[in-house]
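These are the structures in question, set out in turn.
After this come two complexes, each holding chain A, first together with chain B and then together with chain C.
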Partner chain A sequence: MDYTLDIGAVTRNMGPLWEGLAITLQLTLAANAIGITAGFGLALLVLSRFALLRLPAMLFVEFFRCTPAIVQIVWFFYCVPMLFNVFLDPVVMGILALGLNLTAFNAEAYRASIQAVPREHLDAGIALGLSPAQRVLNIVLPQALRASVPVLLTNGIGTFQQSALVAIVGVADLMYQGKTLATQTYRPIETFTIVALFYLAISFPVSQFVGWMERRRGVVR
Partner chain B sequence: MTAAADTSALLRINDLHKGYGPNIRVLRGLDIEMKPGERVVVIGPSGGGKSTLLRVVMGLEQIQQGTVTFAGRPYISTDGRRTAIDPAVRRQIGMVFQHYTLFPHLSIMENLILAPRKVNGEARGAARDRGTKILERFGLAEKADAFPSQLSGGQKQRVAIARALMLDPKLMLFDEVTSALDPELVAEVEAVILQLAAQGMPMMMVTHDMWFARNVASRVIFCAGGVVVEDGPPEQVLGNPREARTREFIERVFHIKA
Partner chain C sequence: MPMSLDFSVLLRFTDALALGLWTTLKLTVLCVLLGTSLGFVIGLARAGRNAVLRIVATAFVEFFRGTPVLIQLFWIFFCLPLVLGMELSNFVSAAIALTLYMGAITSETFRSSLRAVGAEQMDACIALGLPRRTQILNVILPQAVLRAAPTLLSNCISLFKESALVSAVGMADLMFVGQNISNNTARPVEVLTAVALVYFVIAFPLTRLVTLIERRMLKKLSA
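And now, the complex of A and B:
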């Protein structure tokens, strides 16, 4: 292999990568804000006794779980403007596509945590005279929300990584800037390695934190 | 039915039918009348409806037929489809379960004061004071700020009893409260229940521990096949049963234990 590594070619041009990282973090944080809040509401709909609420919610979840994220993003960017005649900023479109995807996955995390609260705890709540709303607020949700935090964080960091997919529809995120820089400098190995290290530097601490949280839960229980 | 005698009964169960789905019938016309101050131990083969009976009295189950009356007030009834339960009456009954059911996200004190504060609107300080007194009585004062996961099974079960007592119940239900405990932890929980019995707390309990049943009961009911087979003082039902099915059960259980 007669390829000489020249990291300097990339490190001298880090500006676009930092800009890309800023967009990537913006996509991630905004998508998580949507996923954490709307995911909770969606979980409540999925658990509803009323089929009229439950079935559409389940359909939404299954649609996003059973199709590739890249198809969802491409569909969102090309079909939504044509179908509904709305033209949004690409970053906003990216946030919505990633946010809706995360909403479906987080809804599943919330649903599983809510259903994992032991039935006997509700019986004990009835025996203590708590009303249905008091049982939900004081017994079910505090336990369920705690249990769902590690999964929400794992999903959230998954969205951070998945956000790289929006590069293919022209959002100037970290991956997009990396691709551009690699083409301009003819240094794909250096560029994409550094881009990968960016993703690693943020994902790794979070995944370690999740692991620590889960071990701690295991000890406490 | 002796409707006129209602006033003297603390708990009155009339013609109680309870099943799960169309094919499983657990209680098939159960009648029990419990007088104030009585301590009723319900024994019988598993699947005979003992725990279901307690759960019905607590208002945790839908029933298909019958009524349950507490201190002269009917509080559980059904039109055959829906079960109506009067929460104001139900609040006078406390229950402790086999698996502790302490809320793991709350400290021991918070477990104790949750219902007094939310249900009765008691001030936090007043509830804490009462909680401290009950914990002291049960030898658990230093555990007030601990979490359930830091307690032994026996301690958890004593806290569960304390939590129920915080609401000042007029009847306590104990559903196999020592069955999940390691053998060396059973005595501390039984001691607390005996302490309550000595203070005159009316109680109905399901237990497989025949020695404890003999110690605590003022009356023993043998339940099998969803009906009351035999009902009498512990010396009779446990010592010299009249019914063949009771005798057979007692002999089998004591034989296994002996």
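And now, the complex of A and C:
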């Protein structure tokens, strides 16, 4: 290969990469805040007895799970301003698009763990005269939340990785800064490898933590 | 609403969209076949006794699962030709990137299904004096593949969705064609919605199939 590696070309220009990382983390954390809260509400709707609530919620979940994330993001960035005449900051748009996607995936995780809450616990709640809201908040929520933590974390890392897609619509995240730097320095190998290592350095510890948590609970032996 | 929708604009571009879809499907099927085979080999290496193989295979999987597919794709497109010192066509680059990704995710599926087969089966093989080849090919493999089937199908659906990323490096798949049409006609709502629906119409029935197979299998395994 007639390409001499020059890591210095990248390490001398780390500034934009750190800025990009800050945006990436901001996107990830905010999208997770949306996904973790709205996901639970959506899961309750999916499990609702009323078809009028259940069907739209199911459609929302299936739509986000069965289309490519890149299509969702491009759609969101091009179509939302046209359809609703709203023009938001690109980072906010990115947060909303990623957050809605994560909401759908987390709703599935919550649904599974809500269904795993033993029926008897709810019967006991009724026998104790708890209101439906109390039963959801004090019996279902704590157990379902605990049971779904590993999947929520896995989905959270998924969103961290998916967040690289916003680079395509011009949000200056880590991926975007990496792409720009690679073009400016003519150093694609060094730049893309370092950017990949940035992502790995964050996902890997979290996924190891999830693995440890699952082993400790005896889900996987 | 600031604009009126006109879905008839799509009719003029059905051929182009069909061609894009064809590229998407070709790429997906090819990478499903190559990637699943790769995944099985890596899965065996990770479950095997050779420590060097195990570490290399684990590092490979962690790397591909720990980084965005988009950056893997960029790396293969822009760096691999430099490393190899030769030009690669778009299709070949995309196929390499998606095969490696598919290999990494399916190897996890195979690994957990290999574990689920259980140590008793191995003990039984040894008690029966079966040779190593027979143990793997006739006892472990069929059970592992059967158990892996629903997850493998989910992996295929993931790959189908991830394949839309190749549009970002200029390959004319369904997403790329859709974006092009949307930019040229200034009708993103109609065109991008149609593209999303095409992906949905293909992926959704497959996810139902996964659920169906899972239920069948639960019955079979519990019987």
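Everything that follows uses one rule, which is that the second predicted complex is superposed on the first by the 194 of 221 C-alpha atoms of A that agree within 3 Å, B and C clash if a C-alpha of one lies under 4 Å from a C-alpha of the other, contacts with A are read in each partner's own complex, and residues count from 1 in each chain.
Rule of thumb we're sticking to: contacts are C-beta pairs under 8 Å (C-beta built on N, C-alpha and C of every residue); 3 or more make two chains touch, one makes a residue touch a chain.
Being a predicted model, the structure only gives us computed values, none of them experimental.
Once the two complexes are overlaid on the shared chain, A:Ala33 sits clear of chain B and of chain C alike. Looking at the shared chain after the overlay, A:Phe192 reaches chain C, while chain B stays out of its contact range. Among chain B and chain C, the chain that touches a larger number of residues in chain A is C.
Of the two partner chains, neither chain B nor chain C is touched by A:Met14. In the superposition on chain A, no contact is made by A:Leu5 with either chain B or chain C. In the superposed model, A:Ile139 lies in contact with chain B only, and not with chain C. Of the two partner chains placed by superposition, only chain B is touched by A:Glu120; chain C is not. Comparing which residues of chain A touch chain B with which touch chain C, the overlap comprises 220-221.
Listing the residues of chain A that touch chain B in their complex gives 118, 120-121, 123-124, 126-131, 134, 138-139, 142-143, 146, 220-221.
Contacts from chain C toward chain A in the complex involve residues 1-3, 62-63, 65-72, 74-75, 78-79, 82-85, 112, 115, 157, 161-165, 167-168, 175, 178-179, 182, 188-189, 192-193, 195-196, 199-200, 203-204, 207. Within the complex formed with chain A, the chain B residues making contact are 55, 58-60, 87, 90-91, 93-95, 97, 99, 101, 103-106, 114-115, 118-119, 147, 149, 160, 163-164, 167. Taken in their complex, chain A has these residues touching chain C: 1-3, 62-63, 65-72, 74-75, 78-79, 82-83, 85, 161-165, 167-168, 175, 178-179, 182, 188-189, 192-193, 195-196, 199-200, 203-204, 207, 220-221.
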